[in-house]
Amino acid sequence: MNVMYFAWVRERIGVPLEEVQTGAATVADLVAELSAREERYAEAFADVTALRVALDQELSDFDAPLKGVREVAFFPPMTGG
Amino acid sequence: MNVMYFAWVRERIGVPLEEVQTGAATVADLVAELSAREERYAEAFADVTALRVALDQELSDFDAPLKGVREVAFFPPMTGG
Amino acid sequence: MPVRVQEDAFDAGAELNAFSGGDGVGAVVSFTGVVRDTDGTLAAMEIEHYPGMTERAIAAIVDDAMARWNLADVLVIHRYGSLPAGAPIMMVATKSAHRADAFAAADFVMDYLKSRAPFWKKETTADGSAWVAAKDADEDALKRW
Amino acid sequence: MPVRVQEDAFDAGAELNAFSGGDGVGAVVSFTGVVRDTDGTLAAMEIEHYPGMTERAIAAIVDDAMARWNLADVLVIHRYGSLPAGAPIMMVATKSAHRADAFAAADFVMDYLKSRAPFWKKETTADGSAWVAAKDADEDALKRW
């Protein structure tokens, strides 16, 4: 699946978008898997309460299942307007 | 004092402005005096709850004293905006 | 705090742009009131006002808004005379560091202009002319503040 | 329901005028958000967004507003990229037969754009760059609706 990062999450992880091969069942599982992989992920995901997640461009939450999802995005709370 | 009329009050009384010589103590007294004078005033002032009054360009009420007042205006509720 | 009571038409967009600048301003809210032709029969709207009192009443409303909210400025333009359907009648604009102040102040100024500034509207249709009646809802709206 | 997400600047006054007409419209409300330079030190603001999700999120907010209030139309323009202090960031406009609907809907759309449309602001000053933190008050504002 495609995983996207925005704002300071993108800066910490160092890429805006990457393709990730994973069997993670939920968003939280994906976060744990990435955090175990490299320190830059562990840092970015250290406090998930400071993060938001979108699945296929709809706001979702960290308990949500990933089955059938093609695009996951992680970002801080939005500051539009 | 100068007495002014606006909107349908002006139309019923037939003039926008007139100088009135009166000893009326209050707005209500002035209304009674004018209404006794001619039918067109009596008609315009038939229901004072449908009217507003301004004394020297400030909204006031029918109990207000006229002492020192130079300009009295009668009109229906405002419909600006 | 520019306040203009005028017979001439005005350009709401140009007024908005001219009003919008300023240090520390982050939010600009505008309201434009337009002559509404609900069922396609309105021939004209005539607006009467009380020169002198109009300007005093609007200035008092604007002063009240400036005291209640943190505003950089308030603009009020209100026309009188004969206006065709679709013409802008009036506009209010507010600017502030923060959007909540700009919104609340514009809403407040509009509520007070409706019921406390001495304007009266008369509508002319094919059936004749009639003064627009004040709505109880407009008077009730003042209780929000 | 025009929605534009663009890098280019826009002319808020011209947009307001182009949006304002229409049968039965009596009230037009606009909000313009401007890059605010509180203490004269802001060099630039950078706005990042999530192409695709941005348009979907704004369309959902506008649809919600159209369902809640009696509106003739809603306009949303939001910029991304690098913006200087004083530049318009975004605007929302609503039009309706009645002012209460136009005001409430513009206020609602702004509240939701702040917290539910995927934009992120980064401010650059002489001291460096920092992402603007979301405010609890912005999230709390959604509970009003």
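Letters A, B, C and D mark the chains as written, and numbering starts fresh at 1 in each.
By our rule, a contact is a pair of C-beta atoms (placed from the backbone, for glycine too) under 8 Å apart; a residue touches a chain by one contact, two chains touch by 3 or more.
These figures come from a predicted structure and were not determined experimentally.
In this assembly, B is the chain whose CA centroid lies farthest from the centroid of chain D. Mean C-alpha position of chain B lies 26 Å from that of chain C. Chain C and chain D have centres, each the mean of its CA atoms, that are 23 Å apart.
Centre-to-centre, using mean CA coordinates, chain B is 48 Å away from chain D.
Multi-chain contact residues, meaning those touching two or more other chains, occur in chain D at positions 33, 99, 110. Residues of chain B in contact with two or more other chains: 81.
Counting only pairs that meet the touch rule, the chains in contact are A-D, B-C, C-D. Considering their complex, residues 33, 48-50, 52-53, 56-57, 78, 89-90, 110, 113-122, 131-134, 139 of chain D touch chain A. The part of chain C that touches chain D in the complex is made up of residues 11-17, 20-21, 23-38, 40, 86, 88, 97, 99-100, 102-103, 106-107, 110, 141. Against chain D, in their complex, chain A makes its touches with residues 4, 6-8, 10, 54, 57-59, 73, 75-81.
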